[in-house]
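Just passing along the structure, written as structure tokens.
To keep things simple, chains are lettered A, B, C and D as they appear, and every chain counts its residues starting from 1.
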């Protein structure tokens, strides 16, 4: 891992089935639903890294969204299977960055490309905090720390 | 107030504008959206009673849904104005019951008729609890207690 | 199948992972989220019956919720796995009834017991309609019709 | 209006009361809820411009989100009043751009700053389209066209 905290990207895949409640009157998936699927992708990317998000909260931290950038390229529909690929782009003591790509499972059409920045917050005080070294190391895949 | 906790119904009205996110691919409002509007109706009915829900939580209690019965009679659409009428049907030390009627503001069409039962829970332990007499009295409109 | 349309219940199981977006400030799953999972259960129960809901819509019908009855018994939390059991209780030409039971996958705790009634609607006109015999037969599992 | 379609910004204010369903287990508003409020802000900004979104759809077009950029600066909580300021940044025949600022009504704390790009789509074919001159003119406030 570089000193800047950048990581070689390991994307983790999760598949979701589009729910009727996630569509809107345009007949396609509502744009906010993709944001929720990205969160699901983060959950699975963290679990695959060996540090589930529940373990981060159990240690007294929240990881809070600070910046979201989403490009919408095509639309999914009810009952489609959508593959959510999510991975850590950077892990720093005060900031975590994820990247995402969402595709239709069947045809491979790219639906969304996105990036999100998150800050670490102390669960008790709500103030910005630093992740301890062992959690940072776990997120970075057990390698040498930046 | 009768000993059984039944109340003469005072319905409180709240108006919501249908959001695109609340519709689905049938072109109408998704059925779960009405459930969220009913919750909004409860919030305003409690505020009008003089005991906002935030004050109940501040005193150490959660009021938790235990039973929901909803009849769907007609559908609202994007940008419709919907009038949510909500009122307390019964207030007991361990249980609160609400009634609802949702209508289209313009034509008066009844969309939903519903009833919900809630239990009182201790916020710290998560266990069933009793509302103290002063909160019960406030919910019952300051009159004699059942 | 009896003349009244009642069916021996064949419950179909679907597992959902609780999303952060599905929780609320009480720290548990928001009550409207279970309603959405029930819909997911219906989707999978229909698919297992051999007649996916998309095929019903492709034939020109919507199946629309008319009555919902939900008992909330316990709460799920973020990242829990929830098993949604859904099955057809009755299939009539103008009405379909589902039953549900939602449990925590790990401990088996029952979270929700529910029942929903649905009417059949013509997709073009929005008016109540009858399902044609072949669709009714498919929903009833290919047996003799009621 | 300049040839590039940029507009002097006229921000339109809408106030929303935070619903319990919009919070999450961190005790604050879930990040996807702000996205839905931004959509509500667009609806009111278009209505204030004299061209409600329903009128755009009635003319055969969808205005579809293509890019979303959101900065999260602070968190709202259940029952807070949030002021959503939304305005058109640019109106072009094939693209519409909005800007947003969301604040707590009481203290004025800025919660979110955001920008969204939208493309115009033919409602029947789903293909990119151009808004006709009269709709463009209405969006631009009735002034000379770019």
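We take it that a contact is a pair of C-beta atoms (placed from the backbone, for glycine too) under 8 Å apart; a residue touches a chain by one contact, two chains touch by 3 or more.
As the structure is a computational prediction, the values presented were derived from the model and not from experiment.
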Pair of chains joined by more contacts [C-beta pairs], A-C or B-C: B-C
Chain whose average C-alpha position is farthest from chain B's own: A
Separation of mean Cα positions, chain D and chain C [Å, integer]: 35
Separation of chain A from chain C, taking each centre as the mean of its C-alpha atoms, in whole Å: 30
Approximate Å spacing (C-alpha centroids) for the pair chain B, chain C: 25
Junction residues of chain A, two or more chains touched: 20-21, 32, 36, 39, 78
Touch-based graph of the chains, sorted into line, ring, star, complete or other: complete
Residue ranges of chain C in contact with chain A within the complex: 17, 19-21, 36, 39-40, 43, 52-54, 78-79
Complex contact set, residues of chain A against chain D: 26, 31-32, 35-36, 39, 62, 64-72, 75
Residue numbers on chain C that touch chain D, as the complex places them: 20-21, 23-25, 27-28, 30, 32, 77-78
